[in-house]
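The next block holds one structure in the form of structure tokens; read it before the comments.
So that you can tell them apart, the chains are marked A, B, C and D in the order they are listed, and the count of residues begins at 1 in each.
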């Protein structure tokens, strides 16, 4: 299940949903990304996520399907927020449910790595003095590439 | 043809989208970029280093040499920073 | 923070605790192990976790400290239950909090892999006809060994 | 010396712990196992294949050749299945 939304999400509610929907779950792996307090050494005031409506849903479905093809999963949840967020706010949620832990953990890791480089989002960070579009990190590309093996 | 811009590209151009009439000689993304660069200095500045700019055709990641048609939706954006 | 307990736990409560305790969290990775409905193809009635009081706390602290030494983490939570559990019941919770995702995800994965082979727990599964002590899986040992590199 | 048993070992022996008086000739875990095996058939059966049995001394994983002392707490158990 994928969702692209402005509103916050609840890890707990999503876990409950997954557990209701699927039987025989043995492993639940989750990841939550959160807005940090700082940009380098400056205090961060806000982070605004711009996205490409339509393409976002398309890419999230693609990433989700890729995970389902690669691992033996029972269910997955991907929620990505957009709009203006404050330090401490949740940005993204990934949950993978499977019978055994390896599948849940690896697929959750995979999904967040692919979201970093393939999710059509752009982050604008505001500090007291200035605003910055966040550059993509070369490390994120390397993290993505490790899943090509 | 609908053309969308995101992130700093949108800021530099001062717009998030526009309708562009393309003629028969515009066959690829590369052709479209040449057309845009000839419009004014803003476009010239944005597209001066296209290695840092990604493109999509109808919401699918694309390459500069890919063919385009009049009813396509094209978008230009910097590398994605999701998650 | 480690806990060995008979009672259930709440992922949500533990997340809230971690967020209160540490600043500048950017990534929260979690794993929950759950009692499955089946033992091979038989319906499972219950799973009883025996443990070695005293050694359990010692080993969980050891595993936790090893994770903290290996990765740049802000905080961790390990909760392992013992006693009689029913299908669908939560067994174990691991949470890792860090600034960046790689550290949180890898350390969470590491902790659950080490818990499998180094946590002094033994599982007794009951089906309608019979009871079985669960054998350790050779695959779990392989999963543990990959962290030696 | 306090000796603990877990899982199927406990079931087969019909006890989870016992106090054992050791003499000076019991210097290692191996010596202790020999002593136990000489007690009765139950112990002989349990320790017939020690490759599937793990041991701890004072709650630390140990080896069969490790030395033991009278005030140590020893435990025998199958490979752990945590998580």
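Assume a residue touches a chain if its C-beta (ideal position, glycine included) is under 8 Å from a C-beta of that chain, and two chains touch if they have at least 3 such contacts.
As the structure is a prediction and not an experimental result, all values here were calculated from the model.
Kindly list the shared contact partners of chain A and chain B, in label order.
none
Based only on mean CA positions, could you tell me how far chain B sits from chain C in angstrom?
A distance of 49 Å separates the two centres.
I'd like to verify one number: the distance from the centre of chain C to the centre of chain D, where each centre is the average of its C-alpha atoms, in whole angstrom.
27
Determine the centre-to-centre distance between chain A and chain C, using the mean Cα coordinates as centres, and give it in whole Å.
The separation of the two C-alpha centroids amounts to 23 Å.
Report, in whole Å, the distance between the mean C-alpha point of chain B and the mean C-alpha point of chain D.
The computed centroid separation for chain B versus chain D comes out at 73 Å.
Do you know which chain C residues sit against two or more other chains?
Chain C, residues with two or more chain partners: 33, 101, 112, 116.
Which residues belonging to chain B are in contact with no fewer than two other chains?
83 - these are the residues of chain B that touch more than one other chain.
Taking the touch definition from the header, please name the shape of the chain graph: line, ring, star, complete or other.
Chain contacts: open path, no cycle.
Let me make sure I understand the interfaces: which chain pairs count as touching?
So, checking each combination of chains, I get A-B, A-C, C-D as the touching pairs.
State the interface residues of chain A toward chain C in the complex, per the touch definition above.
10-12, 15, 19, 23-38, 88, 99, 101-102, 104-105, 108-109, 112, 116, 143
Can you name the residues of chain B that touch chain A in the complex?
4, 6-8, 10-11, 56, 59-61, 75, 77-83
Which residues, counting only chain C, touch chain D once they are in their complex?
33, 50, 52, 54-55, 58, 80, 91-92, 112-113, 115-124, 133-137, 140
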